[in-house]
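My questions will all concern the structure given below.
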Amino acid sequence: MKAGEPEEFIVDGRRLDGRRMDELRPLKIEAGVLKRADGSAYVEWGGNKVLAACYGPKEIHPRHEANPKRAVLRTYYSMAPFSVYERKRPGPDRRSMEISKVTRQALESVVFTHLYPMTAIDVFIEILQAQAGTRCAGITAASVALADAGIPMRDLVPACAAGKVGGHIVLDLFDVEDNYGEADLPVAIVPRTGEICLMQMDGNLTQEEFEQAFELAIKGCMQVYEKQKEALRKAYEKRSEE
Amino acid sequence: MKAGEPEEFIVDGRRLDGRRMDELRPLKIEAGVLKRADGSAYVEWGGNKVLAACYGPKEIHPRHEANPKRAVLRTYYSMAPFSVYERKRPGPDRRSMEISKVTRQALESVVFTHLYPMTAIDVFIEILQAQAGTRCAGITAASVALADAGIPMRDLVPACAAGKVGGHIVLDLFDVEDNYGEADLPVAIVPRTGEICLMQMDGNLTQEEFEQAFELAIKGCMQVYEKQKEALRKAYEKRSEE
Amino acid sequence: MKAGEPEEFIVDGRRLDGRRMDELRPLKIEAGVLKRADGSAYVEWGGNKVLAACYGPKEIHPRHEANPKRAVLRTYYSMAPFSVYERKRPGPDRRSMEISKVTRQALESVVFTHLYPMTAIDVFIEILQAQAGTRCAGITAASVALADAGIPMRDLVPACAAGKVGGHIVLDLFDVEDNYGEADLPVAIVPRTGEICLMQMDGNLTQEEFEQAFELAIKGCMQVYEKQKEALRKAYEKRSEE
Amino acid sequence: MNQDIIADIRKDHVERLLDEGRRVDGRGFDEYRKVSVEVGVNERAEGSALVTLGRTRVMVGVKLAVGMPFPDMPDSGVLTTNAELIPLASPTFERGPPDEDTVELARVVDRAIRESGCIELEKLCIEEGELVWIVFIDLHPLDYDGNLFDACTLGAIAALKNTYMPKLEDGKVDYKTRTEEKLPVRDTPVEVTYCKIGRHILLDPCLEEEEVLDARLTVGYNEKGEIVAMQKGGSGTFTKEEIVDIVRKGREKAEFLRQHIPG
Amino acid sequence: MNQDIIADIRKDHVERLLDEGRRVDGRGFDEYRKVSVEVGVNERAEGSALVTLGRTRVMVGVKLAVGMPFPDMPDSGVLTTNAELIPLASPTFERGPPDEDTVELARVVDRAIRESGCIELEKLCIEEGELVWIVFIDLHPLDYDGNLFDACTLGAIAALKNTYMPKLEDGKVDYKTRTEEKLPVRDTPVEVTYCKIGRHILLDPCLEEEEVLDARLTVGYNEKGEIVAMQKGGSGTFTKEEIVDIVRKGREKAEFLRQHIPG
Amino acid sequence: MNQDIIADIRKDHVERLLDEGRRVDGRGFDEYRKVSVEVGVNERAEGSALVTLGRTRVMVGVKLAVGMPFPDMPDSGVLTTNAELIPLASPTFERGPPDEDTVELARVVDRAIRESGCIELEKLCIEEGELVWIVFIDLHPLDYDGNLFDACTLGAIAALKNTYMPKLEDGKVDYKTRTEEKLPVRDTPVEVTYCKIGRHILLDPCLEEEEVLDARLTVGYNEKGEIVAMQKGGSGTFTKEEIVDIVRKGREKAEFLRQHIPG
């Protein structure tokens, strides 16, 4: 048993932070929060605080990275030094590099990149405060920032994890569950078609548990999707009023 | 009190190295000391030994850094590993980067960069031996090296610091005064017009002390200016003789 | 005496691994071992296991490195993390950089680079398992890989070291001899003309010892040369059969 | 090429307005943009602040760690100030190791904090010569519209004053448990930046002004109004009189900024 | 430009063949290429394996060292997985610090090894909180013809099962003396990769397929058939049903791979 | 392109002169340029030397520090040789991490110093296995006109012979207090470089020769005249006879260089 590990994850049918098995942490999404960026979004999701910004389509440097048939989508996931308990040294680490890659691939499945050949679309995700699930929060924020920048997409990309803790399949793990639980399964989807555009897993699941967690994560994504659309609607209304 | 801190800085009206309050350390400037560089200068200033070299105007790499309206001035301040008591690891550190930047900005105020569009002018400052005041010694050497290279300038740029030690405003701090004194105020000027092109300060000064130190530093710069001109005169005479 | 140093290097006229003074370690060379590379070779030489691959002539990036009069030959010597007793951190170290340079210069003396202006020829040497003499094994493999890629050369480049251990001049030092012996003298030659294209030495040799070791190393190279030619012959035959 | 021509046109525009007594955003020459400071905005940091200066927004986080003291200061805590100009905050910020501007920002903010002696570093010794507290100040601009110096220094001191000590157990930090004890802070340094465009001296340059300025002067003041840090920037120059004047009138602007720090 | 047009033509070609029920190399859709695993191939490594998967060849070396445990796991050994995509192995691999693909490979292989708990890390404590064994797994592709995930995971577990503990003396490792004791390994995780090209799902993509795939799914299984790791790749998507199906049928493919591990 | 054509023309010119028995700077084929060595030129370094070889100028600094010994040499000091080719010294030197030429220079100079055993490293043990002296030799060319190998090796040994031990207190170095004790040095290795241009063998190539040479051979000798280091450079070759001959006649040139070391 690792230091800090709880004895039980589920007490009286409730999780350690009081949620039900299939309940998301409180989620707040705001679009159009930054002035300089072409599009932006802020996500507060449980103890996660995440900013995403989109710049582009724009000229690409270095030039030889340009693609004559489509825009190059570049995504950078990064954690602020003060976003975690033990100060993180600035600069990309291996985990950030992997998350940047899977995030890019998830977003590529919805962005109409062929409309902007020879350009770059940059998406920056900054984790200001972390409490597990930052990659899902980041993807969720990123697709809102893209939409806020007016980048044509066939859909938004909501993301949400399910997992297994203390033998139970639960939705949207928070940090204690993530650190000491048995499995984590982040998923991102294209809601209109139900396609899966991001999927990772680590831990231990039987086939049955996997299928159950997978279903649950998809349901979580659909809830996130509603919040995304609402955020964009509000931003649009606010802009119209101005 | 830090280890090595002296009990008094001023004894019988003299500083710990025997100087008066408004007295420069011994200063020796020589121009045209290197064969490969287009222009060069060597400065011995108290315990500081500094070389500066100028290369250019020359082709610029990478090309996209070129400016169609003026030469790009690049300055690099660097300390030899054996220039300080505790061996310095090679390569730029944060302090060197800042000094390189303020040095460049100080020199940009006098160099006629618009005469050489699309080119680079590189200035390298190498601290061979340090005893406080190396940024001033470096700027002083750099503008002589530029002149020695024949780069058109509206004036030389002498630099000198004043500061406060043991409650007294003094000129040109040496290392003990710099390490344990109350304030250091390096200044560089354009002597013909009296303009200030570099100014930094750290420590603690009242308004009155600041104004007094500022005046003193400017006077120091004027003394340095005389030495600069003398060095260029000698280099010119020597070259004529050859 | 260093930890692990043997008391004697020569017992009953034999070396610690049973060899005579002028005897090579078992040497096996195979050409054409990799599918992706344009040419390749595998060398097992005593406890050394070395792969070499050649890619080219090919377009050169970045472009400004291209030479209008000849191909640019680039060589990279690298050690796998598990090739030595104490795990080597990935990435080039100073030793690898030096070996890459002398290897390149040795091969440049035989490759007809003027036939492929504006192109690059890349040679990669990977040490999978090391037991002293890896630079000689690497050069030996590299020139076979170049030939296997069909790069025109005026000759192959065999390499072999001689040295001094326990007062004796011996051929082809293995690790114990290399670590605790008195001198190591790696040599590479152009066999048809007898020219010397690589030569390094560290340790301590009198003029007489040097001349003796030098002669011995050249003889070793000639033995290596036979194995190189045989490997290419076999690869050619195998390819014809296919 | 176009970039440079546009820069000239912009500078002409800004300067012509100034000649008419107007700034691009309508402010007085001696006026700050709207300032607000919020503290305790980050649950993972021991101290934090979010500063808004017009449309410039900066988050500052203070983290505490333990480590070895410097050999020449064996009984003193260690202060480390770091800035990151993340490309999220501006199209002109680039990824990669800290560049000249990033380093200058961190060092100039550090200067005011350090030279004012506002952190009582001598109280941060845990075991002399062996273990002391290390104070990390991370400057993190989120939206860049000019004058990061003043915004970041303000954020840094606001965050420091809001910093709680984490629990220490057996020489290790338990970040999840925050004590009641605050980081000992005894002064409130701030920095005030003026710029010069043509013959005009302006307080608090916004981005549009920053991009065309000739020279810049940042001055740090402690609570007593003493000068603790200065940094001139830009390829242009100041006259002696301009500098003396800026240093004098900056003092009351410092007091103005200081009033925005909560608590 | 040509590169991109060629890519399209290639994709057309591969997909058209698949529509006719044929793969570029003639395999069945659900068939692995020829697999072979050789262990103990490197005398300097404590454990090693050479895996051949069609024309893909990978060497994996396991090295042991001693060092400090992680503070939150004071009585547990440490696992570190590293990949190098050396340019010897492919014209598309470049020198320099690890890129995204290298990092992903190392992390996805690490996931199966770590999450299956196959290494009994708790037995690798030498002195609690002070000294533990560090297990370095180095993934070293030598000839790249696609599907490094499966080849490297297979090589990693084969090498681990073949790893001998070196002698430990006074807290230092004597690498030249190997003990009889083996690294404690209690499970045999492997990874199975399917890809999607157009509407087709294919096992074990070769390079020609990898270059044109829409999406990729790698699933790691332990000996019991439980899922221990997953990673989706590619800019395309899967349907929910496709994923559930891949995860189901991958299980027997994992068993197939596992049978190739010697000993 | 022009660069390469100019290089050819230059080479023709240099070689034609040599065919007539003349070097570009008028020296004999077997003649060094003017050599001077000044020691004690740097007050911050424990040892230092300024070497002038024609128009090539090199500063070498020796710094001492304390640290851990290597595990396999627990009772021996540590030698570290480092070179920096700073762009101040030549338009062809570039900023950034050490390149191939920098590394080769440092390693070839190190070879003569290390293999001659000139520093009595065994006397530099402070506490076996715990604390030893580390000797840093920093090679710092200031003006580059060819043959850095000989100039730097000469500077290194001159600086070493001029190195004073700093005071040691409680395992820490007090750099401001220099003891009377000198670094124990028992030999005086130097390096001698010949180059080959066409069919000519020349001592001490100046820059104009270095830029067009076919091959280069550097040989290090100890005081007894034994060979302690060799390094061949350049894309051309030597005959066996040429090498043997260079090694023989270099010995007296080494003695010539050695006489320039003060003290």
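Labels for the chains are A, B, C, D, E and F, by order of writing; each one numbers its residues from 1.
In this text, contacts are C-beta pairs under 8 Å (C-beta built on N, C-alpha and C of every residue); 3 or more make two chains touch, one makes a residue touch a chain.
Computed from a prediction, not measured in an experiment: that's the story for all the values here.
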Shortest walk length in steps over touching chains, chain D through to chain F: 2
Third chains touching both chain F and chain C: none
Chains touching both chain E and chain F: C
Remotest chain, chain D as reference, centres from CA atoms: C
Distance between the centres, which are taken as Cα means, of chain D and chain B, whole angstrom: 26
Geometric centre distance via CA averages, chain C-chain B, whole Å: 51
Rounded Å distance between chain D and chain E, as computed from the means of their C-alpha atoms: 48
Multi-partner residues of chain A (each touching 2 or more other chains): 4
In chain D, residues with contacts to at least two other chains: none
Chain-level touch network, classified as line, ring, star, complete or other: ring
Traversal of the chain ring from chain C via chain E: C, E, A, D, B, F
Chain C contact footprint on chain F (complex, rising order): 1, 4, 72-73, 98-101, 103-104, 106-107, 111, 114-116, 217, 222, 225-240, 243-244, 247-248, 251
Residue numbers on chain A that touch chain E, as the complex places them: 2-4, 67-69, 94-95, 97-98, 100-102, 105, 108-109, 185, 190, 193-207, 210-211, 214, 218
Chain D-facing residues of chain A, complex: 4, 34-37, 47, 49, 51-53, 55, 58, 76, 78, 80-87, 90-91, 122, 124-126, 128-130
Parts of chain F lying in touch with chain B, wherever the complex brings them together: 42-45, 48, 55, 57, 59, 61-63, 65, 82, 84, 86-91, 95, 97, 136, 138, 140, 142-145, 173, 175-176
